[in-house]
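Attaching a single structure in structure tokens format; questions to follow.
Order of writing sets the labels: A, B, C and D. Residues in every chain begin at 1.
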Amino acid sequence: MAPPIILINCKVYAEGIGPRAHEIAEAAEMVAEESGAIIGVAPVFTEIHPISHHYEVPVYAQHIDAVAPGAHTGHVIAAAVRLAGARGTLINHSERRLTLADIEGALRAARGSHLETVICTNNEATTAAAAVLGPDYVAIEPPELIGSGISVAKADPEIIRRSVAAARKVNPEVKVLTGAGIQSGECLKTAIELGTAGVLLASSVVKAPDPAAVLRDLVSLL
Amino acid sequence: MAPPIILINCKVYAEGIGPRAHEIAEAAEMVAEESGAIIGVAPVFTEIHPISHHYEVPVYAQHIDAVAPGAHTGHVIAAAVRLAGARGTLINHSERRLTLADIEGALRAARGSHLETVICTNNEATTAAAAVLGPDYVAIEPPELIGSGISVAKADPEIIRRSVAAARKVNPEVKVLTGAGIQSGECLKTAIELGTAGVLLASSVVKAPDPAAVLRDLVSLL
Amino acid sequence: MAPPIILINCKVYAEGIGPRAHEIAEAAEMVAEESGAIIGVAPVFTEIHPISHHYEVPVYAQHIDAVAPGAHTGHVIAAAVRLAGARGTLINHSERRLTLADIEGALRAARGSHLETVICTNNEATTAAAAVLGPDYVAIEPPELIGSGISVAKADPEIIRRSVAAARKVNPEVKVLTGAGIQSGECLKTAIELGTAGVLLASSVVKAPDPAAVLRDLVSLL
Amino acid sequence: MAPPIILINCKVYAEGIGPRAHEIAEAAEMVAEESGAIIGVAPVFTEIHPISHHYEVPVYAQHIDAVAPGAHTGHVIAAAVRLAGARGTLINHSERRLTLADIEGALRAARGSHLETVICTNNEATTAAAAVLGPDYVAIEPPELIGSGISVAKADPEIIRRSVAAARKVNPEVKVLTGAGIQSGECLKTAIELGTAGVLLASSVVKAPDPAAVLRDLVSLL
């Protein structure tokens, strides 16, 4: 069985930039080695370069634009993200939604720069639509779980189960991540049992006084 | 066999508002009756009401937002469009792109107000993704044909054929429209032969000195 | 002294479309005649035409885009809004923000179609910036008052006073509207005393069981 | 007299990322030292950190968002840009337009993180509106000059002159940059004579085979 994936989205939390980003990356590196889990970090754009160069962790961009290199001031292109050391990128996070045409364009740009792709979606229907496009991962963030404090281990996980089925139906290859409501080892275990390859999470690690302790708890029931 | 569909998008062309919108709607009504084709009109928002009330033509909104009734100043809701007399709506036109989440939200809002839905897409991949969402129609507008003056009857129509196949594969029920490069009866005939249910067009009718003549030419080879 | 202005924004409230839009417009017409106040209505786009044609009230669009007539499907152009019977338009409402370049473009488009312009702003600095552009009105909607239930008559109105001063400093001609926190005759009186020409309001009239009664209360202390 | 400012926007040109970004920064450092001009570089986000740490040049972000630290995945916050080593930031570039409220919000965020601010504008009216907000610089990019190959030294510079006057009228402190049509020493000289503090430019340096040679030509007539 493939090792479970934990992808830490630092967002632009005050607790996720500067020295804290380094602390989180260091914790990810350490707990990944201890546990065998794959633990990636998605820092702010400006820290993709230093984090990639200082730690042995897979680094992801939080977003890329669907544009080719050119006159697009202030945009984020796949090629630059790759040059900075990223292994992959989130696309269409709930806080950075893209048009359907741009999701598809960003996906092609990412592939062209050899970046792994994680498309975020919000329900069963959009998960299936995203899966059709052929990304490496789809991460489902049910709006009712985002930042709710509700744990996926306790909430009715039916939406995750149905989204996995909907994704597989149109694309048997695609891997799915549980993208909200992840707080503990129980949650990660539930996520795996629901048929997802792992989790995309943010505040529970990023805002924790001790990120390594939270990560150890997450992998504790594997 | 179902009658072919011609959907005229008035955009916000100077030649498609005011008295000209009435002239176009009148031509649509007349040629539909003569030919048996279904000819719909998508006027500017402010003319959905008068056009719906003066002519026996199916009227479509050019766009709706994915919002429910509420505090959303300046937005377009399905319920209002329906109240004004529309039968359906375009969603995600290439000039009014929506996020994937909003395409799905607009689709649900439209269904809730009993509006037909036409999702516009730009290539094979996004056509399949849109088809998965379950609209009544997907209209393919290949960027290389939009406003190009290139006729789909003469261009390589492979992209249309592949998009129809991709849509059907994930949703056998969905109907497809050819959404660019339509200028003549030859084009409409080609569009039908490619497996699409009809066409979505704009300037060739809207900017024509005699819209009825263009429509008659369009249906001439059926 | 100029009569005070009451501008009713119907937003896309369920209580502001269809027969309710007619009821609100009728109330506006009636109370304007009784009181001498100027009472305008900003219905949804699809109802600008019927409301303009059935009632003797100044009708405003809730938004226009900064585009010229052309290939801009699903957009709202000044010319169409004017043709439908509108006297003016809101620009940059807090629920429909525009870029600075588009605010200026929409303003020019509105002037070109002889529409009155009301630019909405959120604080002292943006009020001054908007005033520099030379609209007919700037409507200040302090975020802390929007939909808060806090009445401008009771809240510290210092932000309104300072915004009026900031606007006048760069453009002595511009008229200012108080754009949030308006519920009663006391509020309208306060708004006038603060140096604004009137008010822009929404839910207190639109969601009222008896819009005419609310409007009569609003003008009661003039 | 203050030394003239040359601000190089690398956009996301293929010729402005990776080793090329280093080459451009090195050229900027060298020619600044030779000439006494202030030469800044605005690289892609992911290269703010390495460029700031390897070269003695003022580094600028190409864009920041108007959000505070928090749950805003894929956004760019002032605090992170500052941490990465930037001295300032562009705001509202023509390729990355912001709403008026967000321009003002980004400006406050930048000030809070001690970043210099350069608001980009497109004409006389928006230049005055931006100047009212109190940035350090306004950079005027007349659309008719952007990427046109037309040199400001040869074109009618009246729009620059009027924009400078309009900005000064509402904010005597603000410095203005000429933001388009800059190709040679003659252009920089013209820009200074028109009352601007310097220039914002992109392709003429970024796409040049020898960026240092172009920069030397730019400062040659000072």
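Assume contacts are C-beta pairs under 8 Å (C-beta built on N, C-alpha and C of every residue); 3 or more make two chains touch, one makes a residue touch a chain.
Quantities reported herein were computed from a predicted structural model and do not represent experimental measurements.
Undergrad: What's the call on chain A versus chain D, same or different interface residues, using the half cut on shared numbers?
TA: Counting which numbers both chains contribute, over half are shared, so the two copies meet through the same residues.
Undergrad: Most remote chain relative to chain B, going by C-alpha centroids?
TA: D
Undergrad: Which whole number of Å gives the spacing of the CA centres of chain A and chain D?
TA: 34
Undergrad: Using the average of all C-alpha atoms in each chain as its centre, how far is it in Å between chain A and chain C?
TA: The answer is 43 Å.
Undergrad: Find every residue in chain B that makes contact with two or more other chains and list them.
TA: 94
Undergrad: Take each protein chain as a node, join two nodes whenever their chains touch, and name the resulting shape: line, ring, star, complete or other.
TA: ring
Undergrad: Which pairs of chains touch each other in this structure?
TA: A-B, A-D, B-C, C-D
Undergrad: Per the contact definition, I'd like the list of chain A residues that touch chain B in the complex.
TA: Checking each residue of chain A against chain B gives 92, 94, 97-104, 121-123, 125-126, 128-130, 132-134, 170.
Undergrad: Provide the residue numbers of chain A that touch chain D in the complex, in ascending order.
TA: 9, 11-14, 17-18, 44-50, 61-63, 67, 69-77, 79-81, 83-84, 90, 93-96, 147, 202-203
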